[in-house]
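The data blocks that follow each hold one structure.
Next come two complexes, and both contain subunit A; in the first it sits with subunit B, in the second with subunit C.
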Partner chain A sequence: MTERSRLIREIAARWLADGTVEAVVGWEQGTYRDKTAPVIVRTPEEAQRLVFNERCTNNLVAYLKREPLKSMAAVGIVAKGCDIKSLVGLIQESQVGREKVKILAVTCPGVKDARGTVPIKCQACEVNTPTLFDELVGEKIEARPDPQARSRSLAELEAMSPQERFRFWRKEFDKCIRCYACRQACPLCICTRCIAEKNQPQWIETSPHPRGNFAWNLIRAYHLAGRCVECEACEAACPVNIPLMLLNRTMADEIKHLFGYEAGKDPAVQPPLRTFQLDDDNSFIL
Partner chain B sequence: MPYLAIDVDDLPKVAEELAARGTRLVMPVREGADVFYRQGVTPSEMVFSGLPKNSIKEFLFPKSERILRYRYVGNEVALEDVLPEAEETAIVCARPCDAASIPVVAPLWNWDYEDVFFNMRRARTIVITLACAQAPDEACFCTSVGLAPHSDKGSDVLLYPVCEGRLACCFLTDAGKGLEPLFARYKKGEAGDDEIEAVKRSGEASLAHRRRLDKVRAWLEAHFEDPLWEQKASRCIGCGTCTFVCPTCHCFDIQDESGFDTGYRRKNWDACQFSLFTLHTSGHNPRDTQPKRYRQRIYHKYAIYPEKFGTVLCTGCGRCVAYCPVNLSLYDVVAAIQERAEKGE
Partner chain C sequence: MVEAAQERVPATGQQGWEPRIVAFICNWCTYTGADLAGTSRLKYPPHVRVIKIPCTGRFDPLFMIKAFEKGADGVLVSGCHPGDCHYTAGNYNARRKFSVFRTLLGWTGVDLDRVWFSWISAAEGVKWVDTITRFTEVIRQKGPFVGYREMMDD
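Then we have the complex of A and B:
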């Protein structure tokens, strides 16, 4: 067992024993290949199942928005720096009270996805050592972000003509089966009833045909503009391999360009699409 | 009994000849690091190993299809049937668990109503299956549900990968036997029963999951309320991945999509894991939590469907094990149930 895993178990067990929290969500060893699996533990004994390793890819913040954690008064969460960025988003949007969540943060040198490759978020990571936490586990890790990692992933798309780009997305969205794994895995898809589920009237066509799939994937991207913290949970969950992060990174770049804002960094700052200022850029209004 | 054998490299050529007859080809091909069944691909791209991420379901039961057209004519609404676009299709190099799914779901489509969409496609589809000499994925558990890596259920032709890169061909149905002259043109000797038995043994021995699941149904019938459901399924995030990658899950939604004066009624894949699936008009939802929805999936596969149609609604393909975004393995759940049943718990 790694030192991080040992400390996570110790702290989670203490929180559960003294009633600081009702449950802790963390990772346990999975049963398929070397995957880990999210687990909700409620007793100090159950806390001995918790682990941390380079396959702890799931963003567990997504569990805060649903039962059984949603209605609990106090919960603990084991989180990497990137996961905490999405928690910052939930705190900014008053979805989760900071006082409700005890953050058991873990320093992270980077994870590996299902294919054993290092995700772009890890190559570009600036939060190897989290700054928002109640307890911090692990040696401090100096961030060495590769500033080009994101832009390299977008270069091919940006070089395309609008027609080529449309064909690219048409082909990718054709694969969509509307399983909504992207939405369900996303910590910031917080609507209790998603617009895709609003059927009186049916705002977004639920059919997985080109029109319905464009509508769904684009509205989700728009809804995450200025909110997505690039945790890559949607792309990792997609069973048909749609490169959703190309959309999300592009939207994040637009928001940074327009408002100088990057999501998930500072809980005290309001996201630009959630607020209004007199000197906002109005040039897009005719 | 000797079986006709061909070189494995000649299978794409057989597929090409089928395509030349105007048959739509479906086969596993590589896309990035994964394998998918695709139509309209070049036969030389065919891959012989790996578990495709999708099943063959979409080629018999598409993710979305038109089933009715309606038009406004004056003050009236005119209805017109829409017939399925059912092309002559050959699924080449299918996995045995996928081929088996066709006869597993067929009774459902012909129970209280004969579904012309499934039936027409099935009648025009020929399935050429490659037996697994090696389990394509560690998630596989076909023998646990009474099938095998060499199961011929649902196949028209079953190919055994015998030694020296050859495929021993079994022509099983009339449609399959009709292809024998085509395969015979590529004949490279014959293979004997002993070689076929060797493939069967190696396939079965390579499975990581081999637990018998013969007590699951009886346990389910007595444990609708049990802490197991909450324990196992509290990690479920409620997406539809398991049901959509499943070759046997078949639930669908009906949607009407209107244009200005005409519209279509569509049949779309739906999933029992969605909160909207059982939401009543009144606002009441009998399956109001995710563990209840997860329980439903297990019940449907291992208790309800067997009761109604005499077969488990699962071919052990393992996709819901491999592709669940939170590693909630169906095999782990049913194996845990079997274990409890064996202990009399």
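Then we have the complex of A and C:
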């Protein structure tokens, strides 16, 4: 057992024993040796199941938006720096009160995805040592972000002509089976009733057909513009490997360019699509 | 009325295609501006279908997607000039949404010449006529939005 796992268990057990929190969500050893699984622990004994290692890829903040954690008065969460960025988003949008969540932050040298490769979010990571937390576990790690990691992934899409882009996304979205795993995994897809499920009127066709697929994926990306913290949970959850992060990353870049805003940094700042400036870009309007 | 209009303008991709433009316009400025154009007996191309919304702040990108799904070749969104919003700030909020959704459309390869935004006041009947005339001409040159139509019909 690593030192980080030991400290996580110790702190979680303490919080549960003294009633600071009703439950702690963290990772436990999965069925396979190289996998972890999310777990909600409610007693100090159960807290001994918690682990932290390089396979703790899941963003557990997604569990805060749904039951049983949603209606609890106080919950603990084991979180990496990147996970805490999405928590910042929830705090900004008043979805979760900062006082309700006890953050058991863990310094993270980077994780590995299901295929054992280092995700782009880790290559570009600036938050190896989290800044927002109640308890911090692990020695401080200096961030060494690769400035090219994100832009390399976008180069191909950037080089395409509009027609090529349309064909590219047409082909990618054709694969979509409308399982909504991207939505379920996303910590910031918070609507209790999603637009994709509204049928009076039906805005987005539900069958896995190109028309509904295009509408769904476009709207998903739009609803996350200026909110997405690039945790890559959607792309990791996608069973047909649609490169959803390409859209999310380009939109994050556009938001930064348009409004000078980066998501997941400061809980006190208004998200860009919740506010406006009198001198916002007007150049594209006749 | 709507059915009659659809008969006059055949679906895209067919012979005798005519541009099909959907305009989402705000009740207070652009709609009144278009009304002024009408009462002033100004002429402009009949290819535009006007959908009145209470404010550009009411505009949801889904409207545009739906319009393209239903066979639009171009979509115009128009409302009050900045500072003139009947609800004080609806158009300022809308402007941010426009710019974000427009860039998203660009990244997915939708031709941005098919997506126009404008501020047209109640006094600018001439600007309305001019905008619709030019937009219709641009769409006529571009032809039907074949990419989206193919996606619908597959």
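As a working rule, the second predicted complex is superposed on the first by the 279 of 286 C-alpha atoms of A that agree within 3 Å, B and C clash if a C-alpha of one lies under 4 Å from a C-alpha of the other, contacts with A are read in each partner's own complex, and residues count from 1 in each chain.
The working rule: a contact is a pair of C-beta atoms (placed from the backbone, for glycine too) under 8 Å apart; a residue touches a chain by one contact, two chains touch by 3 or more.
Just so you know, these numbers come straight off a predicted model, no measurement behind them.
In the three-chain model built by superposing on subunit A, subunit B and subunit C fit together without any clash.
When the two structures are aligned on the shared chain, A:118 is found in touch with neither subunit B nor subunit C.
Legend: residue contacts after superposition of the two complexes on their common chain; A:209 is shown touching both subunit B and subunit C. Once the two complexes are overlaid on the shared chain, A:276 sits against subunit C while remaining clear of subunit B. Of the two partner chains, subunit B is the only one that A:197 touches; subunit C does not reach it.
Contacts of A:239 after superposition on the shared chain: subunit B is touched, whereas subunit C is not. Using the contact criterion defined above for the overlaid structures, shared-chain residue A:181 touches subunit B, although it does not reach subunit C.
Residue contacts after overlaying the shared chain place A:167 against subunit C, while subunit B stays out of touching range.
In the superposed model, A:218 makes contact with subunit C only, not with subunit B. With subunit A as vertex, the superposed Cα centres of subunit B and subunit C define an angle of 90 degrees, given in steps of 10. Using the contact criterion defined above for the overlaid structures, shared-chain residue A:36 touches subunit B, although it does not reach subunit C.
Of all Cα pairs spanning subunit B and subunit C in the superposition, the closest are 7 Å apart.
Overlaid on A, the two complexes show subunit B and subunit C touching the same residues of subunit A, namely 209. Subunit A makes touch with subunit C in their complex at residues 157, 160, 162-170, 195, 203-204, 209-211, 214-215, 218-219, 221-222, 225-226, 247, 250-251, 254-255, 258-259, 272-273, 276-278, 280-282, 284-286. Of all the residues in subunit A, the ones that touch subunit B in their complex are 30-33, 35-40, 58, 62-63, 66-68, 115, 177-181, 183-185, 197, 199, 202, 205-209, 212, 236-237, 239-241. Listed in rising order, the residues of subunit C touching subunit A in the complex are 61-62, 65-66, 69, 82, 89, 92-93, 95-112, 116-119, 131, 147, 151-152, 154. Interface of subunit B with subunit A (complex): residues 31-34, 53-54, 63-64, 138-139, 230, 234-235, 237-241, 243-245, 253, 255, 257, 266, 268-269, 271, 274-276, 289-290, 321-323, 325-329, 332.
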